[in-house]
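Take a look at the structures listed below.
After this come two complexes, each holding subunit A, first together with subunit B and then together with subunit C.
Let's look at the complex of A and B:
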């Protein structure tokens, strides 16, 4: 851990600030902070010379020092509540766990009643963690080769550990709220263990005031037992100055169903990665998402789907609407290992470029070592179809409205992947609101 | 009934033998092993080059020394000892016979063994029917038909015979070896050499710039439609020689040329390095169609031997309304590292890339294209068909990018992979970068095996398994086959059958 003159201020702060921060963070051997920090100081922040980060150069994008947030912050409870109330899941019957600047706030949360679902704050449980938590956390995430996961593990201040043992009737929402203040890095962790045959519906909301300057890292580990079902819907509405770095790692048992949808409108920079590994046969994974970006926002979605066993299905569908000079990135890799026969993998990434200087970079990748497979991907980029626009306008629909209709239809195709109808409606409404708050070339 | 013919051809072939594996015993003049400034000077002196060319080579060599071998491609091979290679080999018959009659008979025999001899080429081209006297025999005849093929045969490194040259000269077309062009047309060479693939573009291209031995030079003057297909057969023959071809084709305003490159190489154990550079330039309203059939020795069943093919091919649509079209059929080589690209600089220019890449045994292919849209209203089209069998690895790697000012750029990409057998790999790594909103890019890729239904259908009608596979594969690649000049189509269908031998059952 020698001082490296090539480190950026951000990297230097992360490496040198650890000793002081460690004392204030929840402590337990199984958290493996020191190993993670050693890995991070070796890796540094990813940059464009690293192939997987070609389009998202964090060394460049994380500009300046963002010291780690370790303490509970004193915040205006009303402000936090008003932010939390903006959650699109508000009208759905669900229990909530609210985290403010990386710390669990029980007084703001409404936890589920004991039953099939057990929710712990990682911070509270650190010293006396049940086996399912201490033995699982960190096992789904490869620590050595991903700087974001390493950073998160070194600095995680709190998070949710969820254990589902049966069918949970009520959805659960994790709300991550950030407050304005000094630039900081907030590291949150989520662990979801769904036992065999159990099911879980999880919502995730990230929300903050526009001027809050922070780096938010969220590492989510999901372990699905045989026959388990997991439905995940995330809305990323971080502040306009925020950097959002999220890693989702899932390990899927046999006959399991994994659905993850994300809607992203926030953040100056966001990189959301999903790594899905199949551990059992006849499992289906569906990862989809929508990015609605404007101004100079930078949104990156990177997926790695690892078909390690035969007879599994994967589906990815991403839609990006890019206005002004926004930049959208999609990287999706589908791996089919030797002997993973009868794999069925399909992937689609489409970008709608509204602003003349909007940019879309995509790299859909297939890596296939088995022959009896059906795999495919598609990627498109383009403007709104003039002909469609003309059709609508010829029928008396004003231009703005016609555009909004077409954009809503474009986005709607990805939203269709969400199975819960009420959630679909909420997501479509969120998209419509985004459209009306951004002039769409009118 | 092309498919039936293919099946018959497949039947005829001796399994387990690389048909074109033989070695011709011709004395050749070798440079000492190794690479140094002295060797670069030796090569330049051997070719009697002017001072500026030597300086150009030396500059490239100095830059090459500071470069590192690229490792990003999905290919795996023992490190090449660049000091253990000969960088120059010339057949002793350098005097340059004026017609085929004067050529070393052993050479002609070699071509005959290839199954694609010069005269056979005439047949395939339909210039004459079997039994009729060859037009090559009266090459002095003043007229030339549109179905003719002019061939610049490259045997190892030196252009040995150039046919049809005089007739081309009448049309104003310059078609000669690059060494000749350096002497005869220095202004053109100075102006265009290295203008598409810069001297120090990448590791292999830089090496080529330093030691390139020979290659073809083509210049099509303004408003000229080249009266015949131009063609070069490349051969690597001398043991342990690297082959460093340098091809430069310039299509001046309003001109058109179709260029064919085909090659086979003898069987041997030592891996051979081939690092060619091909540069194409099209000025306003010009078009170049460049077709390749590559069938170098792929190594034996254990992956021993075989050619290393590290090629840099790039076309520059410099003028407005210009067009460059690449068609490639890659069936040979142990390792292929090749990305024929188009820089769409001129407004309204077009780029095309049609590819069939077949890998079998332990072959490794990492190939694709780059379409770089810089001008306005540019369009490109990529059709890539990869077939992997045996224990091979077949990767499509491509880039489509539209610059901020490249308004209304259009691209359509279709990459299909077919897997035969469960021990091979097929990979698709496309990069798509749209930097302005008026770009319209469509990319689609699929990977699958031959469907059981198709096999059942074909076999139920009496075809055996291998015939059925050949039939289905020929259908799979049809879109690309159709882009090949007539002369190459039949040959290619045959090649596809040969390449996939032993891949089923």
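Let's look at the complex of A and C:
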């Protein structure tokens, strides 16, 4: 393809680098890389003149060439292990699949024993994929209109394909580690297929050293069968220089329960999108999250919930704590189709601004075409209450500790949405420690 | 050595010109209970806030010495750790912070500041259970966030529970009787009286004489227009009850 003068260096590298990269990436027809690359070269990186991206202009924010990572990197195993051990899920019984710089590392992982849960590395499985993988991957994601998904599909180097056929007793954690090195883009994919009546508890950890410079794209596709349950908790603790672009696409059967929670403290820029589509009635989707950002961090949560069928429930609860010049964005779109009667949708986004230069942008969008529904949304932004701070300090609690308590209390309402108590405790601890961690740079 | 020594204290609200306290002198020794009485607007609550270190108040003259140290030089939390406790007139609700977490964090922060070992969870639980029984505080209340959903009386009892757990040297009670019915008042007073000891002092701020029937003071001071206009023994409270504040406030005007 010829160079296009209107492309940014990042876009040009993505488009012109494909031919060389393709040979080194896992190969299979059903991956549909070429179509995805064609879609990306049409779309380019999203920018502020596209309404859905007006607060997160990737053309500006992805500030140079980040060539795609295709090969396995040589890494310091001890460093990777010490990063992986910082996972907040460390004290829980669980299996782990560890990915380093976009490649599955079996020697660092402890996979579940065969049973109700099957986990495959996408690169290992590419040539000889089971039907549930090759027939499903790419079907939940609309390729044509989302540049992040297109880029991810064109360049995905690896990822986890998970198939749950019954009740999996033990949670599973996906750990995505990045190492320091040349600027690069790492694209990974997750596919979760939960059969009818089956359940899955999935943790996801993204972690890297502070100085690692990378763009991480992660596209997750979730397909829930009728009566299936999915509990998802993600911590995004990417390095301070990282750009994290994550799309979560879920298609939910009838009587299903979908819970997804994310805690974000990392990354220079992050955009986490969730697209939820109801394919069956009497299903509940609960999407919640916490952002704890400081410095000049930019965190964007964009949700699109499509009530395509009647009698479904959606809940969105996001809490953002923004210090210094940090910027938090919440965009929540709820669509209720004409026949989706008895839809019950609620949305709340609240920000706590710790610094005078912190900024919160909230854009709720309700498109309701049915007449018998209950839908509501709210957004607030405020500062720490001085009276509360004084009360705590008047009992001997030092100022930083008092602030940390109030921050944990503020985000607690979102953390409450997580069903696993041990995980809630770990998240509360993470929120309580956040202020000291970011003030001291520890 | 006195616990509290206030000399010629002048205080105004920040960014305003009017002085609220206009030369207070008060010495409180260990074991003593001092009542400060006065009409609304006489500066009672201001005195309590200045002792606890609230922003918004500016000391323009005078000094406050606590156990030989300059109290005004200490941060809010340092004062608390040194043993100064203010029972608030209007205790605020803190959604999301469980009462037990709050109590344990406060107690251990104070112990740490004093160079003492932190209390273990079982030892802490035992301590709170004992103190809450005395104040007839149900365990269910302790599971709630701080003061959230508490009635007025429950909030006041919770303040005294905090005081009992933290064991301060100087207790300042700001209108602890306001909003209490007679039964709640008795429970609170019992809790306070149980804390009276030879090495602890109390400053009880109140509008009405009623509280002083249950918490009997050693000294009574009448505050008017930012000055102590009369001091005496506990009988002064009864005198006030009969003649009202007017005879005193006229002297001060």
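The rule we apply is simple: the second predicted complex is superposed on the first by the 426 of 442 C-alpha atoms of A that agree within 3 Å, B and C clash if a C-alpha of one lies under 4 Å from a C-alpha of the other, contacts with A are read in each partner's own complex, and residues count from 1 in each chain.
We adopt the following convention: contacts are C-beta pairs under 8 Å (C-beta built on N, C-alpha and C of every residue); 3 or more make two chains touch, one makes a residue touch a chain.
This one's a predicted model, so the numbers in the text were calculated from it and none came from an experiment.
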item: Which of subunit B and subunit C A:406 touches, first, second, both or neither; value: second
item: More subunit A residues in contact [subunit B versus subunit C]; value: B
item: Partner chain(s) touched by A:392 [first = subunit B, second = subunit C, both, neither]; value: second
item: Which of subunit B and subunit C A:353 touches, first, second, both or neither; value: first
item: Which superposed partner A:339 touches (first subunit B, second subunit C, both, neither); value: first
item: Complex contact set, residues of subunit A against subunit B; value: 51, 322, 338-339, 341, 351, 353-383
item: In the complex with subunit A, residue positions of subunit B that touch it; value: 72, 404, 417, 419-449
item: Subunit C to subunit A touching residues, read off their complex; value: 52-55, 75-77, 79-81, 86, 88, 91-92, 94-97, 101-102, 105-107, 109-110, 113, 145, 162, 166
item: Sites on subunit A touched by subunit C in the complex; value: 386-388, 390-399, 401-402, 405-406, 408-410, 412-413
